[in-house]
Structures are given as structure tokens and as C-alpha cells.
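What follows is a structure written as C-alpha cells; I'll ask about it next.
The letters A, B, C, D and E name the chains in turn, as written, and every chain counts its residues from 1.
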Amino acid sequence: MIAVENLHRHFGGFRAVDGASLQIATGSITGLIGPNGAGKTTLFNVIAGRLPPTSGRVTMDGEEITGLPPHALFHKGLLRTFQIAHEFGSMSVRENLMMVPARQSGETLWNAWFRRGAVAAEERRLRDKADEVLEFLTISHLADEKASNISGGQKKLLELGRTMMVDAKIVFLDEVGAGVNRTLLNTIGDAIVRLNEERGYTFCVIEHDMDFIARLCNPVICMAEGKVLAEGTVEEVKNDERVIEAYLGTGLKNKVVGHA
Amino acid sequence: MDILNALVAFLNFVFVPGLAYGAQLALGALGVTLIYGILRFSNFAHGDTMAFGTMVTILGTWGLQAAGVTAGPLPTALLALPLGIAVTAALVLATDRAVYRFYRRQKAAPTILVIVSLGVMFVMNGIVRFIIGVEEIGFADGERFLITAGDFRKMTGLSEGLAIKTTQAITVVTALIVVAALFWFLNRTRTGKSMRAFSDNEDLALLSGINPERVVAVTWILAAALATTAGVLYGLDKSFKAFTYFQLLLPIFAAAIVGGLGSPLGAIAGGFVIAFSEVTVTYAWKKVATYLLPDALAPDGLVQLMSTDYKFAVSFTILIIVLLFMPTGLFKGKSV
Amino acid sequence: MAEPFLIGESMTGGYGAADILHGCTLAVEKGQIAVIVGPNGAGKSTAMKAVFGMLRLRAGHVKLEGEDITALTPQARVAKGMAFVPQTHNIFTSMTVEENLEMGAFLRRDDIRGTMEQVYELFPILKDKRRQAAGELSGGQRQQVAVGRALMTQPKVLMLDEPTAGVSPIVMDELFDRIIEVARTGISILMVEQNARQALMIADKGYVLVQGANRFTDTGPALMADPEVRRSFLGG
Amino acid sequence: MNRTLLLFAFVALLFVGTGVLQSWNSALGILNMALISAIMALGVNMQWGYAGLFNVGVMGFVALGGLAVVVTAAQPVPGAFSAGGWGVLAALALGAATIGGAVAVWRRMAKGWARTVALLAVLIGGFFAYRAIFDPAVAAIEAINPALYGNIGGLGLPVLLAWPAGGLLAALAAWAIGKTALGLRSDYLAIATLGIAEIIIAVMKNEDWLARGVKNMISLPRPVPYEVDLQQSAGFVAWAQGWGYDPVTASAIVVKLCYAALFVAVLAIIVTLSELALRSPWGRMMRAIRDNEVAAEAMGKDVTRRHLQIFVLGAAVIGIAGAMMTTLDSQLTPGTYNPLRFTFLVWVMVIVGGSGSNWGAVLGGFLIWWLWVMVEPIGLSLLGAITAGMADGSWLKAHLQDSAAHMRLLTMGLILLLVLRFSPRGLIPGR
Amino acid sequence: EDVKMGIILGFTGPLESITPNMASGAELAVNEVNEAGTLLEGSKVTVVRADSTCVDAAAATAAAERLVTSDKVQGIMGADCSGVTGAVLQNVARPNGVVMISPSATSPALSEAEDDGLFFRTAPSDARQGEVIAEILKERDIGSVAITYTNNDYGKGLADSIQQAFEKAGGKVTISAAHEDGKADYSAEVAALAAAGGDMLVVAGYVDQGGKGVIQAALDTGAFETFFLPDGMYGDALVEAIGSPLDGSFGTVPGTDSEGATKILDMAKEAGFDGTSSYVGESYDAASLILLAMQAAGSAAPADYKSKIEEVANAPGEKIYPGDLAKAIELLKAGTDIDYVGATNVELIGPGESAGSFREYTVKDGKFETDRFR
């Protein structure tokens, strides 16, 4: 679905993404791991049109999408979440979701003024949909809360919720799990699998929780220093020496129990 | 061909006045940029703070003059400047207590603070006019010129003169010293860094043990010192008049913004950009061209790109063009 | 039993009219590690803020070394040797990494270079990036800066709100290691974690908060062993 | 809602009080400008409150609205158009073409010195060609009886048409400005728009051929009858006396009421449309953009286009208000446009009213305008109260009385600070 | 029955430094009449001041509206700036039929405004002064001048008329460039003026505004040494601020060889304000005319006395100077015709504006010395 070819993105002299090439197969749930600062988020930002690449190209279903603005990519079915939550702080949680779908008839002034009936009907549908998503994310009780007033983890859930408001082709999730309760994260994992299986969404998931990655992803790509370090099934990647050295480590060194 | 005369004409009418005016703007802009950098709002009362500080200094100067104290060749006002700074600092600190602190605690949006500062501006405006009136006041004494146009002509035998006023020289030197000091203060000292930390993330500054009230107080004191110095130097060079000080606000803001809000170096650069764009683009090159070109080619017209009617338009156009290419100013300023 | 080193006792309060915390109690002994877990929105961060004085309590009190500090401002608590890493907005984005660390040591008058070296040792990547604005760092790097800043205070109590969110496994292990070491030097640690299994492994005490109240309290390993806790809060 | 009603009732009371204590003429006079101010505030509120665009160029759009009145409704100047009108139009078209060409060169050609050279060639060549056509045409127009005309004249259309025309002119300008400057953020956008407003005023002051520049256009037509005509109409006099009114006062009041009716109609339309828009998905989208552009963009909203849309709409509203104001004054005096009055005062209205809320903007418009006018007498009476206790002939008393005029702005400042103290987010905070 | 007169001037805003003196000038006349106590049936005149802001037409209109409909003034001395004057005239004075005499609005356009015979000006028209100035320049053998003017209707109108008259007389205007009042810096203007050159610089501005700033900067840089100073630039403040470098500059100011001009200075000095400040005489005259016309009509109602203003102002009749108001009232009561000369030799022509006679003066040793009258 997505092919990234020899992509570079530099900040001044620093090469955040340094010639990465990778593919995300249609229908897959691709995991993207790598040490902090490996360039994962930057890669997402470039693919999603938030940052222009220094060089290289990105294609989606064979069509070049390098440098398209994010809103254009959204209309092509490419959605993403942000690692650092980007909620609409002054709006209610429900409105945060309702604003997502594209081409709402009420978004043109003409309809807002003169076709109020049709707009109202559409709003009801959106509202139901949003409530459904909130229910799933276990935050229905916050529907009318201002989004700036919800907890850190809840904001991450909201990020995820937005991608569930529309039918997407491919969804980029940037550490949706960080700060989310593990039990809930499992449920989210199930939902991702379901969306993938039932509706054919493609996912690309950045995550540092290896359990989560292991449960969901195939294949897994590990980045380091802006390049692709390893690629393969979870098992392959997990046992790759370089990945262990750069990313996974060998567990706690201190003896854990009874240290005091 | 008379390169020397052409050069002197250019220096006398464009470079020296532009430099001095730029330095004046820069000094004002430093205050604006400091408040923006630390307290995160555009302080509309800055022009009137300048007026207030200058007023106190003038009163002090009169007192000194009455007592027979002068500073020799330098203006007496420089002796009264510390007084002006002290009183102005007291005033702005009191204003902060009475007005701004409330909104800071409320975490009010910057625009609210801007409008509040507009209110403060009106009040200060009234106070200044009440105490010293609205008339123009000249308070410069001492040597007026380092060199006058006439003396220069006599000395060099050129037909063009070059005049440099004492106040112009003082302003430029002060501006450079102040910007260096401020830069050093903000980037190298503990207090300076704590001020930047406060402006960046107030809550976290609190968690680091930084005392916000102290940061705010230091900021206001510095701003008062900058405003008073700028106001006094400007007043010495031109004259003091409450309304003009209010009008200065616009070019000062322009300078601070084009330089990049929050950046002392930007304030200096911005001051010169604004000043020189006002002076150079509307300059009539006739005189310079007449010196440089052979008689036969001497221009009839003024050789002026734009008439001076448009000097503000021109300086703003240049400002906008700069911003189009550098959206947060020459020195990567902040934006809220 | 003697009074704990730091305790927030039956704290009740919230941001506006409605209470978020309902008589919640958190405590940590000297040189020990206490870990708070719970679902999203349970009030973990709120409880931390309450202990640090960033929230007005309607009932309950906070005591440090037996002294009631409920009325103190956060700054005053910093001066008393408490340090806190909030969950969000926990770095100075416009300042360099090094300046962030310096700000952590703002109240210290002694030589801070040694501590800074230790932080760089713990998070080597920060040393490479020390002249870069912290706002330009990756998510995990920012988190490292935030923890580093708190370590710079050389506190008596270190409060961490999800320090490992977004950091890679290798760094997380390092971080937990360091936390254990720090605790061994006699510093008390109170932290919120969603990487609960690792965290509870090293915890002397674990709290499960639900809807602003204590649901389970026990030693870390004991909580981990509780099937109910595992299923509902630790992801099975 | 209750609070809103209460606040509006309070403001209504201020106006009624003015009518009772001073005169109904005064009260209506203030009301008319207050209505116009409310519309201006609505325009600014759209840009700032809905979308977070920091437009500090309000004055420019107000002035353009005023210019539209001259262009549409002023009487044609005999011979002016034939003397230089076509020349001016041609020159302006050429100017626009030059800029278009320059932009095309910039876009089409590859980066490099060739592009720079081509760009400069287009710009410089265009500039001289423009001046070559423009200057003689202008000279010809300005030569026509400069003391009285010297301008190109208007179309002589009914003045009510000038209001939409004002909106249109302002919208066109806003479109051009938005295309170039909307990439800027917060205070940088502010100073850019402020600068553009200054440029617009500079043009209006110095281009005499357009609307006489600083020599002013006066006696512009009115959409309502003249008081003097009413006073001379026997029917009206009889009617007024029948109600027991003095015809002069009655005529002034009737005229003001006519204006008020027109203004209220415009205000009602704009408020209704704004409220409908704000409460629709469109408004939600705008708020999302204001809150977080990056996320809105990622959620498929074309932020640039929406910004442009709201900027143009807001400017159009301000332009309409500007045209209305010039109509009310029946004169265009470019020298009187200054940012304090036409930009910052409007901002005060928006912020005090509560940004993001249409009713707030309207309330702010009424309240602040009333204050702006009434602080003078309020200041004077404040001073009277202060000096009342002082001995006659004391130095301080004399000094205070001499400074009486400056109590005006001081009072304004104090009241502003008080209002914001008690409702720091504005009187009717928006969302 | 008492008489109320409104004074609308820009007490705040760009002209705030000259308007207090203008108001004091007008109040001199009022005090004089009150001291005599003989106006109409012993009416006392009270003054109500209002702020025109000079630049905010709407605020000025509102203030005037208050004066007329609430304070019920029967005549207005004002306004000052042409923009607000036009607005007050159209929106307040005409609808309510109140007489308005402006001491300082000189825009030629106001001559054409519909005024129902209610509007007068004691300031001479710009066109006339332009001719006088051109004449003086020619006589003094000035071949070329640079002109700078304050960018409003006064400055622009005056500059235009000087240029027209001077060029007609064979002179050369090297440049005519505007300056804005109240700005921080005039280097650009001076640079352009200096580059254009000329025998001297004509400064059609205000004495305590940009005009002074331009002169200062021109002297400092050595761009010009002598200046022509039209009425707006006449004032002690200028000589005080600039001092000896101004010696040798010359100019015109409305005035007569009559004692009027000097008298007003004395009266001002006695009252404790600066009588040489711009438009003080015009303000005095405007107020006097209103009061004397009331006396002539025997009524304070504007509708009655508006037609008397020209009668009182113009010949024939006994000449009235500042300080003679009591006498004038007696004369009017006795049915004798008067010719108000006042401080500025008022002679109303055409649509009710001052014909203007001018005094030509030169600055010598920091003093204004009268050369002759025209």
C-alpha cells in the first residue's frame, strides 16, 4: 500500500531519517519499533505530509504522494495519530470526534444557513457514531467534558477514537499505547485486529510495548539512526542481535526483589 | 566625479540619522521584546512607560539644573536617569501588583493581557499628561554636537557637511551595550535562564523551585530601565512630548516583531531594518547622483523611488516581505 | 508503625466543583519505591499533583517527615527536597537540554557538574543533544530530559508520573535500574506507571487507584500475583 | 443565557439613561455608532474568535468600506473620467498583470539566477510601464479644479448600494492580503495586517485622484431625509407638533431613528447568519482549526483555505460597517483613520465582550462605544467630585481642572481594567 | 436668561498641545463679556467644553450632540480639524440649526459644504495665504524653494496654493513633500528635501508638531539654513526650542497693523497663557463674533443671530479690537453699526470665511519682527 523509497529528512545537519526504504503491505498490521530518536515519528510526519522530505519519495498504491498536504492525504484515506496528543482543547470530547468526518454538508456556509434540516439529520448520525466510539474507549462519561480537561491517557484514547470515526484505508498509530492502561490496551489491540480483518484497514503501528507488538504485528520493522535496521516477523526481529543491542536490551540488571 | 562629497552627503542624510533612529527604535523594542519574551504579551503601555520614565527624568534634570549640577559636555539628564529608572520601576511593579498579577494567576490568554495593557496605557497616558502636560519639552543641555555640518565643511573643505550629534552617538553606543548585556543576562546568568524557563513553562518553573514573583519583578524592573533609557535618549535627541511617545509604539512594535519577538538581537536588527527602510527607500538620490555622474548626465528629477509620503508604507512593505520569508522574524522569535 | 516518610492522607479534591479524589491515601517510606497503577482517568496524576500541592485539597493532608506540609506552595515543597516529573508539559521546550537540567538544579548552590554527568551517563543520547532545544527532541528523548531534570534536584523524594511512557525498552530498563539505585541511596520514590508489571516488580508498595479512591494496596509482587488485579488493571 | 440578558438589559439601561438624563438625540446618536461598532466587532470576532486570526488591520478594511461609499455613491466629476479614468484603469490592470507575471515567474521557473533576473526584469519593467501610464492620467484628473474636485468621482448610485460594495471591496483586499500573509502566526500576522492597514491609509491619503486624499470628501449622499428638509415640510412640522414635539428636535430624532432602523436590520442579518454558522459543523470545524491547526489539518480540514475564507468574510463585515460609518458621517476623511480608534478600540470591544461569542461582540460594541463617548463627561464629573472639596484658587485644583480633558482616556482605562477584572474572559465568554 | 456656548476642540489627540490655548483664547472673549455683564438683558455666558479628539469624527459628533441637545448650547466655537468639523457641521449643527464658527479648519472643501448659513471660519483660506507667500518670496529674490507640509487638508491645501502661485510667478518648487505630525523621526523627509535642494525651505506645518521636527532635523544636518514659516509655524515655542539658528527665517501670520494682534498677546499674558500659540486670535474672534451677533440680533437663538454674523464682522461701522467687547455691546445696543476687526482682522467673505490679511515677519535675535502688512 505504502512504499517509502530512500527517504531522507534532515534537520539542519542532523539526519533524523537517513535513507529509509520500507513497504507497508495492504492489509497488514506493520509494527515500527526502534530506539528513541530513531526517526520513527519523523518518518510518519513525512509520510503524512506534515513535514516535507529532504529527498526520496513516498507512494500510496503506486501513486506518488510525496509532499501532499495532510488534508489531501486524509481524503485519500490516510489517517494518523500523534505521539503527543493533539486534542482540540476548547471543544468537548464528543465534538472532537464529530469534527473528523470529511465532506460534512454542514461544513459549507450555504448549507449551514439554508439547509438546516439536512445538516441536523447528518449531525444526529455523527453524534451516534461518536457515542459508539466513546463507549468502546470507555470514556462515554466524558463526552461533554472539555478535551483539555481529560487525563493524559484519555487524550491518547481520543487520538485513537478519531481514526475510528471514518473509513480509512491506512492508519498510522504513533504510540497509542504509551500511557494507556494495559487492560484497555488489550481491548484496543483487539479492535485493531478486528478493523484489520473485518474492514480491511491497513495499520502501521509505532509502539515500545513489545507484548503489544508481538500480539498484533506482522511484519515488524526496526529503525535505528534514521535507517531500517531489521525487518521480519516478530520472532525474527526480536532475536536479531542488532535489535537487542540497540533497542530491546537484556532486562533489568539489578536484582529486583529485596533490594532494600 | 566627486565620490567624497557623495559619500558624505549619503552619510549625513541617510546613514547617521538612520543609525541613530534605528538605535532609538531598538532600545524601545528591547523593552517590548523582553516583556513578550518573559511575560508573553505585547505590552501596549510601553510607549507611555517610556513617557513616564522620561518625565521623571526631566523633573530630576530640572532639579539638578536648579541645584547647579551638570554633567559637563554630556546632558544633565544622564545624571537624573537613575532616578527616572527607579521611579518607573516602582510604578510598573505597582502596576503589576494591582493589575497584571491577577490575570497571570488566572492564566489569561495573551490577547486579554494585551487589552489590559491597553487599559494601563490609557491610565499612564493620563498620569503623564496630568503631571507634566502635553506640551513639547526640550531638556537637552551640554554639547549638542560632536561635530556640526559647518565645522566639518571647514575642516575638510568639502562642500557637503557631516553632522553628528552627541545624543546620536550616546544612543548608538548605549543600544549596543544594552543588547549585549541583555543577551548575556538572559542566556548566561542563572536569573536570566530562570526567566526564560518561566516564560517557557510556568508550572514546570514552579516545580524547579523558581520563584515566579521574583522573575516577574526582575522582568518589570529591566523593562522599566529599558523604557526609561530609551525614552530619555529619544527625548534628548528630539524632544519630549507625550503624544509622540505614544506614536512611537508602532515602529517599536514593528522593530521588535520583524527582529523576532523575544530576541534581543532581533530587536536591534529590527530597529535598524525599520529605520533604514524608512530613510533609504524614499531617499532622493539626486544629490548623490549629481556628485557621482558627469555634469551632462546629472539628473533633472529627484531620482526617488517613492515619495516620502509613502515612507511608512514602504517600511511596512519591507517588514511584510521580511516576514514572508522569515515568518517569525529575523532571529526566529517566539509566537504564542 | 512509625509514620511514613511522605504521606498524602485521605485526600479529597479536584479541579473544579466535582471531586476527582475521594479520600485517597498514598504513602512512601524512606528509601522505598511506591507505584501507583490504575485505569485511565482514575485520578493518579491528580493524586500526584495533590501531594505536590498543585491542587487545593478539600479534605485530607500531606505530611513529609512527620511535618504537615498541606499548606505549602509547590516551590516551598521543592525547597523541602521534593521533586516531581509531571505526566505532560514536563520539559522547557525552548531551552536546550543542558539548560533544562540546569533548571532542575536551580535551587542548588553547589557544583552540579557531577550530577549532570550522572544524568548523561544514564541517558547517553542527551549528552549528544545537550545543545539542542528540548522541544526538538523525539517523544522518548523528551521523557528522558524530564526525568533527568528531576534527578538534578538531588531530592529526598522523587515523584514520577509515568516516566517510562514512550521510552524504548532498553532505556526503560536502564531507568528502572537507576530508580532502584536511587532508592538505595535513601531517596523515596513515588511513581505512577502504566508499564505496571515491570514497575510493580521493583515496587515495595503498590497502590491501585480507581475513581479517585484506593482499591487495592499491597506490596508490588503481591499485587502482581492477585489475579483480579492482573486481569482488570495489568492487562492479564 | 440569563447573564446575557441581564448584561444586555444593563447596557440598554445605559442608553435609556443617557436619553433621559442628557437627551434622546445624544442617546440615539451614540446608539447609531454603537450599532456600527457592534458590526465591526462581529467581523473581528469572526476572524479572532472563530479562527484565531490575529487581524490588527481593522482600520484598513473600515477605510476601504468608506472608500466604497465615495466610489459608488458620490456624484461623478464632470470630465474627470474622460481625462484620465481609462488611463488609471489601464495602469492598474497593468500593475496587477505585473504582479501576476512576477508570481508566475517565481512559480514556473527553476530556482537560480535566471529566475532572479527574469523576476527583476518583469518587476522593474512593469513598474516603469505602470508609472508611464499612471502618472499622466493622474495628473490630468487632479488638474480638474483641485480645490473642489481633483478626483475621479463616483458612480452616483444610491448610497445603500455602497454598503455591500464596501463589503465587497474589503473582501477583495482581504483575499489578496490573505493569499500573501495568512501564513504568518499570532503577533507576526498582527504586525503584517497592521502594516497593510497603514499602507491602505497612506494610499487613501496621498492618492488625491481617488477620493481627494487628505483634502477630504464631504457632503456624501444619505439614505435618509435631511433634517432641514423635514423641518421645512409642512406635513412633518404639523405631525411633530401634533405629538407635542419641537420640529427641530423631532426631525433630528426621526432621522436618527431611520438610520438606526437600517443599521439594526444589517446587524440582525449579520448576527443571525453568524450565529447559525457558529453553531453548525462549520463553526465546529473553525474552532477545531483555532484550537490545533496541525491536528485539524491531519483530520482533513484544509486550514489554509478555511483561514482565507474566514478572513475574507470577517473583512467583508468590517467593510460593510466602514461603509455604514462613512454614510452616517456623510464624509470620508482619510486623515482621521488611526489605529487606536479603528483597530484597537474594536479589539477592546471583542475582548471585553468575550471572544468567540457573537452576542459578546455585540454587547462589547455597545458598551465600549457608549463608554468611549461618555468617558468624557464621566471623567469631568469624576474630576468635579475630586475637586469639589478643595479650596477655590488652590494650585492643585486649578491644575486638575486644566487637565480635565485628559481624564477622558484615564477614565476609559480605569473602566476597562475594572470590567476585565470582574470578567477576565470577557462579559459573555465564547467557547 | 443665560447664554451657553460650546467649545469643541481636540483636547486629546494630535493637537492636544495647542487646543488648551485656543480654548483659553475663546474664553478670554467670554470673560470679557461676562465682566461687562451687559450682553442682551444682562445674560451671563457659560462655556461648555467638549473634546473633538481631532481625528475621531464619530466621537466628535457624539460630543457635539451632547453639547447641543443636552447642554443646549446656542453656538459652537469649533471644531478644529477639518475632518471632525465637517462631521459636526453636517450631523449636529445643521440638523439642530446651531451656529458654528471654526477658528482653524481651513479646508477649501468646507466652503462648498451645505451649511444653511450656519457655518463660519475666522481662519483665512489657504488659497489667499499661498498667493501672499509667493509674493513675498519673489520680492525677496528667492528663486527656488522646497516645500514640506503637514499631511492634512490645511497643509496640503496651503502647499498646493503656494506652489501654484510661486510657479506662476516664475519660481521653482524643487519638491513638495508631506510629513506626518506626531511621528518619531523626520530623517527621511529631510533627506529628500535636502537632496532636492532650494534656496530655502517652506514649512507648511504646525509649530509644535512635525513642522518643528523637520526644521530641527534640517538645521542639525545642515540641509537648510533659512525657512519660510506660514501661520501654523508662528509661535514663540519655535524660537524658544530652536534658538538663534532660526534668525533670518521669515514668514506670514494672519494679522493687521491694527493694535488687535498685539492686544490679544497682552491679554493672553495677563490671563496666564501663551497668546502666540497657533489660532489663539482666531479662537478669540470666533467666540466674540458669536456673542456680538447675538447682541446685534437681540437674541441668543441661532436662527435669529446667524444672519447678523457677517454684519458684525464686516465694514461699515466702528472698528472693534480685542478688549473692546464691552464697548461693542454698548454700540450695538445704541443701534450703531460695528466692524469687528479683532485679533486677526476679521473680514468675512463669500461663504462665511475670513478674507485674511497677513503680517510679514522676520525672526531676528529670537524675536518676531514685523516687516509689513499685506
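Definition applied: a contact is a pair of C-beta atoms (placed from the backbone, for glycine too) under 8 Å apart; a residue touches a chain by one contact, two chains touch by 3 or more.
Given the structure is predicted, the values throughout are model-derived calculations rather than measurements.
Q: If you apply the touch rule, which chains end up adjacent to both chain C and chain E?
A: Joint contacts, listed by label: B.
Q: What is the set of chains touching both chain A and chain E?
A: Common neighbours, chain A/chain E: D.
Q: By the touch criterion stated at the start, how many steps lie between chain A and chain C on the shortest route?
A: When the steps are counted carefully, the minimum from chain A to chain C is 1.
Q: Which one of the chains is farthest from chain D, going by Cα centres?
A: That would be chain C.
Q: Nearest whole angstrom, what separates the Cα centre of chain A from the Cα centre of chain D?
A: Computed value for the inter-centroid distance: 46 Å.
Q: How many angstrom between the C-alpha centroids of chain B and chain A?
A: About 49 Å separates the centre of chain A from that of chain B.
Q: Would you kindly tell me how far, in whole Å, the mean C-alpha position of chain E lies from that of chain B?
A: Those two chain centres are 35 Å apart.
Q: Which parts of chain B, given as residue numbers and ranges, touch two or more other chains?
A: 129, 134, 307, 309, 312
Q: Send over the residues of chain E in touch with two or more other chains.
A: Where chain E meets two or more other chains at a single residue, that happens at 16, 20, 151, 178.
Q: Judged by the touch rule stated earlier, which pairs of chains are there in contact?
A: Result of the pairwise touch check is A-C, A-D, B-C, B-D, B-E, D-E.
Q: Which residues, counting only chain C, touch chain B once they are in their complex?
A: It comes out as residues 52, 54, 73-75, 78-79, 83-84, 86, 89-95, 99, 102-104, 106-107, 149, 153.
Q: Under the definition above, what is the set of chain A residues touching chain D in their complex?
A: For chain A paired with chain D, touching residues are 48, 50, 69-71, 74-75, 79-80, 82, 86-91, 95-96, 98-100, 102, 104-109, 111-113, 116, 119, 122-123, 162.
Q: Could you list, by residue number, the parts of chain D that touch chain E in their complex?
A: Counting only chain D, the residues touching chain E are 21-26, 29-30, 33, 146-148, 205-206, 212-219, 226-228, 231, 248-249, 251-252, 255, 325, 328-331, 333, 335-338, 341, 372-373, 376-377, 402, 404-406, 408-409.
Q: Under the stated contact criterion, what part of chain A meets chain C in this complex?
A: Residues in contact with chain C: 11, 33-38, 40-42, 83-84, 138-139, 142, 149-154, 156-157, 175, 178-186, 208-211, 246-254, 256-257, 259-260.
Q: Any idea which chain C residues touch chain A in the complex?
A: Per the stated touch rule, the residues are 15, 31-32, 38-41, 44-46, 87-88, 125, 136-141, 143-144, 162, 165-174, 176-177, 180-181, 183-184, 194-198, 201-202, 204, 221, 231-236.
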